[in-house]
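One structure, as structure tokens, below. Some questions next.
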Amino acid sequence: MTRSFLARNPSVLIFIACLALFTLAVTLMSEAGGSGAISTSFVKTLGKTLCLCLVALAMDLVWGYTGILSLGHMAFFGLGGYMIGMWLMYARTETIVTASMSNAAIPPTDQEIVDAIGTQIFGVVGGSEFPPVWAFADSLWMQLALVVLVPGLLALVFGWLAFRSRVTGVYLSILTQAMTLALALYLFQNDSGLRGNNGLSGLQNIPGLTGMPQSVLSLWFFWASAFALGAGYLLCAWVVSGKFGSVIRGIRDDEARVRFLGYSVEGYKLFVFTLTAVIAGIAGALYYPQAGIINPAEIAPIASIYLAVWVAIGGRGRLYGAVIGAAFVSLLSTWFTGGQVPSVPLGFYTVDWVDWWQVLLGLSFVLVTLFAPQGIGGLFDLVTGRRPPDRHGADLGPDKGSFREREAEQ
Amino acid sequence: MSQLLEVSGVSVTFDGFKAINNLSFSIGDAELRAIIGPNGAGKTTFMDIVTGKTRPDEGSVLWGEMSQSLLKMNESQIARAGVGRKFQRPTVFEDQTVYANLAMALKKSRSPWSVLASRPSEADRVRIEELAAEIGLADALRRKSGELSHGQKQWLEIGMLLAQEPRLLLVDEPAAGMTLAEREHTTDLLKEAAKTRAVVVVEHDMEFVRRLDCRVTVLHEGSVLAEGSLDHVTKNQDVIDVYLGR
Amino acid sequence: MTKYLLAALAACMLCVGMAAAQDSPIQTLLQENRELIEKSSRRTIGPAIDALRDSGLPAAETVLEKWRDKDLWQRESDGLFFFAEKIDRDTLQLIDIATGDPLGEVPDDDMDQLKPNSGVRGMIAAALVQFQLQSPERRKRIAALNSIQRDPEPEHLDALRAAVEDEPDATIRTREERLLRLLTISYGASEETRIEAIRSFSGDTGVDVRAALNPLLATSRQAAEGDIPEGENVARKLRPGQEDFTKEDAYSLLVSKDLAPARISRADKRAALEANIADGQVGGVPVEHLNTEAARERAYASLAEAGTVPPTATEAEFEAALDAHVFYDRYAELSEAVTDAARGTLTSITTRVGLSQALDLSLDALSLASIYFLAAIGLAITFGVMGVINMAHGEFIMMGAYTGYVVQQLVPDYTISIIIALPLAFAVTFAAGVAMERLVIRWLYSRPLETLLATFGISIALQQLAKNIFGTQARPLTSPDWLDGALVLSDVVSISYIRIAIFVLALVFLAIFLFIMRRTRLGLELRAVTQNPRMAASMGINPDRINMLAFGLGSGIAGIAGVAIGLYAKVTSELGQDYIVQSFMTVVVGGVGNIWGTLLGATMIGFLQKGIEWLNPSNTLAAQTYMIIFIIIFIQFRPRGIIALKGRAAGD
């Protein structure tokens, strides 16, 4: 009982070791660090995938462990991306503007530089003034703080409102989806202050590192993503391993019972919701500099649904399942939609996977939900011989709150 | 004798149906009390009110020496104040081990931060093993509670209640679905518990109530019909009418 | 040789024509006013035009038209008037003004073209309007009214007044009277008549009235030294630095009125400094220090002192100039009584227009509510009654819309195709719903979150499938002719027939739903299964069958809603997605398990969305954002919706 955390959770060690090996292998095969067997763009894809794995971890914590099917975590992910994107875009435009202005006969004033940056950034939406949300865009440290604060605060406020009024189950899912939709629609407007549907672009150029080739930068970001995933995994494993994990799983299985044990269910939910939102924000802040562009479409509700799909296919309620699911499905998705998969000629019709991948994904998702609720992670149970308890058809989620069953009992 | 729980003049209406009608009830420290009554008498609703699940339309529910009103608290606050409840259907966390179930119930700080920071201590382990021995599950600590038999789940739940160290225990039909031997064990557990705290047992089964050997409150149509020893109430004409006649 | 011969011949013919020309009464009339016409000045020409107008001669109208178009010529030798067309550089084709007969070609040496200036032309045009207004052809009279309305002139006033009395057609007469009053507002002779005309329009919501009144209240920004000059019709006094009138605005107003010297802009200052760089210094300040405004001020000041650049107004001069002047908005209209009357009438109109707009908005909101209701009623069955979350509901709506599109490809008559499409869409989505229930949902009845996910999967697949089949571009679903157009109640209030049809459809579905749930065996069994499946089963009801039928019914209604929505929105594969969140909101806000709740929810969301759009009309995206935020807050206060099940039945 008093053994160390890692000794009690051998899967964490295995995971960290696998991650380290993978990182090493990619480094050795990358263009910057070794043989060049992997192209720079593929290193970026792998780095982005690691970020997606991190947000999937957060999703697993909030859904697989606490039973809150949030359809809003990709919104937090996107917000994190926007926060870091603001600094990247501001600082880079500043470099360009300063360079072009230094040729003038008279050195520019600070105000002139800021005005010129404003014109550069907001020209596409017909503005030149900096909206108030850009107040800290010139400071990397402030924006880094906002990466954590903005998703965290939004989750805190939204979660407080939702949990306080005891919105649970599918209602909560729909409410989080509405929140995501509201945010996406807001950002789509030109006067949202974040360049409307143009989004923020050119994020792959890191200010101050202009001389650095993308091959090296991509590797740095890959390392950072791998480190964040490792740290996130450790954090999540630590959170779910002890009594806290016991309580949140209790909330997932029978919320009312946990309440009668004296735990403030709302507080725990809020804690997990906010924590995972922060993790999602950090993942987003690492993802978008590798993707190079962020726009409101990234925040649309469908993105969060895909996140749920990844976690479900990977196997919720176990951390490595979420990571495997996210990596597997998103890489497969890249492969299929990238047009690299050969088409299947059927004689009368040719199945082009760019068009049919989504259909395949949707249907396989239905099949996984129906026949393999444990997901890919369930395969590990076959190996280790672990068997899930038979729930007799009871729900994995929070209490259904349905009067149907109670009436039936009487 | 000062009262631990004092319910007075409480009424609840569901869509025009009066589930509880001007009910008054009180219980003191270290008392065992059985509540009996026909179906729909309001037994479960009474428990719902005390534990904060249902808000009454009128009346007051006072608690402890300070006479705090329980109506202003939510379920978890009431539970922390010292009211423990066992449900009709055994509700344990089937996905978790017996040990984890008991550990969750142990009387400790319930706030997320301290729970997150808490690490298992030797004292906790000893206490859990004691409890497990008491409820006859010492050998099953490592098993998932979903694998237990129905009776064992009932005990586990009673064990969780004891681990909470409540001042008032509300027990809803603890003997339902138990074998005779299991019932005896349950009776002993409850009687033992009632030595140090107040215990309220809601039960249908007269035999079980007789074995508890305590004061009995008879509920009917949402209010108290009779109160006293089992022999006393069973001789009461009203009670006989309600149970047998009409 | 030939040329001279021809000229002689022409002269000969002219003599003949001249006799005719001299004889005609119109020529006589023109000759009577010959001096005025020759002088052709706006101030004096009036009687001549009036004489022509009032002559009653049939040729008068043509003469006026030709005069206006500069086709009227005068022969120098005898002063007679002719129409003429240029044939080449110096030859004219003469035409008789009375008969329109050609009189032969003459060299233009002897001919003078009458060139009325624009003022005179305006007066001629006004006189012509009277001819048109009094034309026997109804069409011409209406055309004349239209042209006056488009482009009113002071001269039209008299023409209209003359025409009103003789107008036989009542409709046109009413119009003329209205137009007359409108023109009086702007061009009435006396203040009293204008004010009277203005007051007569009180509460009239017509766009034309507002168009006539608004210019009266147009203001221009003025500045004056000392006090406001006498005789100015002041709309309001302005103080620099208050409200939206900044000190910079005030100063540039002074500059534009030449009341104060210009201040040098930052850009000009910078350019001036750049032009005067000497030895890396400007006015004694090193160039590299010029990166603050203060340093630039200093450098410029020293340049100005040296006389290299013009001095700029200092801050103190700036303030002094502002203090020395008053600023005010002035009405272009000079009479205060008129502007007061106009303001009063406009206020009354604005109130009336506001009320009408509120009515219009309510109608809009009602039709939006109908659409949400149609989209949500299927969900109310599957989600509300059965407790099943169907995220593919939106795709069923889309499926219905595409069914309508396909039917229209096969059946060209829009009326018939709609009549076919409605039941067919129901059949298609009913079948899809039943298939989905059989294959997926029934295995997940006790697991709502997994139902939600599985139906998401189906939703993703169906959406992509629709994209693969129909492409990504929007497909039109055309409504039949009798649904085109709108029911126009006034200039402000109108509602398109298609929206009325959707409203009616929503009511029909409400009735059908109530009928099925309350009066049929299916409804009874459905309610029984909903409340207690085990009990229902033991009474001989087959819950599987009931669930299947109910799910099919809910999906079928979604299909019909799809056809209705497709009629006024473009059909795309994302059609359903656009409605799904709002539909769920409708059911949740209304209260699950209650059709009246759904109705109320749809009404509330419809009105809310329109209301927010009205407050912020430029931005429908923001409106949706605010609406969703409102709903999230609303759920705080009524977590179980507007109509909530109470008590124990509500569960926890």
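Note that the chains take the letters A, B and C in the order they are written out, and that residue 1 is the start of every chain.
One rule holds for everything that comes next: a residue touches a chain if its C-beta (ideal position, glycine included) is under 8 Å from a C-beta of that chain, and two chains touch if they have at least 3 such contacts.
According to UniProt, the chain labels map to these proteins: A = Amino acid/amide ABC transporter membrane protein 2, HAAT family; B = Urea transport system ATP-binding protein; C = Amino acid/amide ABC transporter membrane protein 1, HAAT family.
Please read these numbers as outputs of a predicted model, since none were measured by experiment.
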{"item": "Most centrally placed chain, judged by C-alpha centres", "value": "A"}
{"item": "Chain pair, most C-beta pairs within the contact cut-off", "value": "A-C"}
{"item": "Between chain C and chain B, distance of the C-alpha-averaged centres to the nearest whole Å", "value": "70"}
{"item": "Between chain A and chain B, centroid-to-centroid distance (C-alpha), Å", "value": "44"}
{"item": "For chain A, residues that touch 2 or more chains besides their own", "value": "256, 394"}
{"item": "Touching two or more other chains - residue numbers and ranges from chain B", "value": "53"}
{"item": "In chain C, residues with contacts to at least two other chains", "value": "648-649, 652"}
{"item": "List of chain B residues in touch with chain A within their complex", "value": "39, 51, 53, 74-77, 79-80, 84-85, 87, 89, 91-96, 100, 103-105, 110-112, 115-116, 118-120, 122, 125, 144, 146-147, 160, 164"}
{"item": "Sites on chain A touched by chain B in the complex", "value": "1-2, 239, 242-244, 246-247, 249-250, 253-254, 256-265, 267-268, 271, 389-391, 394, 409-410"}
{"item": "Touching residues (chain side chain C, partner chain A) in the complex", "value": "270, 273-274, 277, 282, 287-288, 290-293, 296, 387, 389, 440, 443-444, 446-450, 452-454, 456-465, 467-468, 530-535, 577, 581, 584-585, 588, 619, 621-622, 624-625, 628-629, 631-633, 635-637, 639, 645, 648-652"}
{"item": "Residues of chain A touching chain C in the complex", "value": "69, 104-111, 158, 161-162, 164-167, 169-171, 173-175, 177-179, 181-183, 185-186, 188-189, 191, 256, 301-302, 305, 308-309, 312, 355-366, 369-370, 373, 393-397, 399-404, 406-408"}
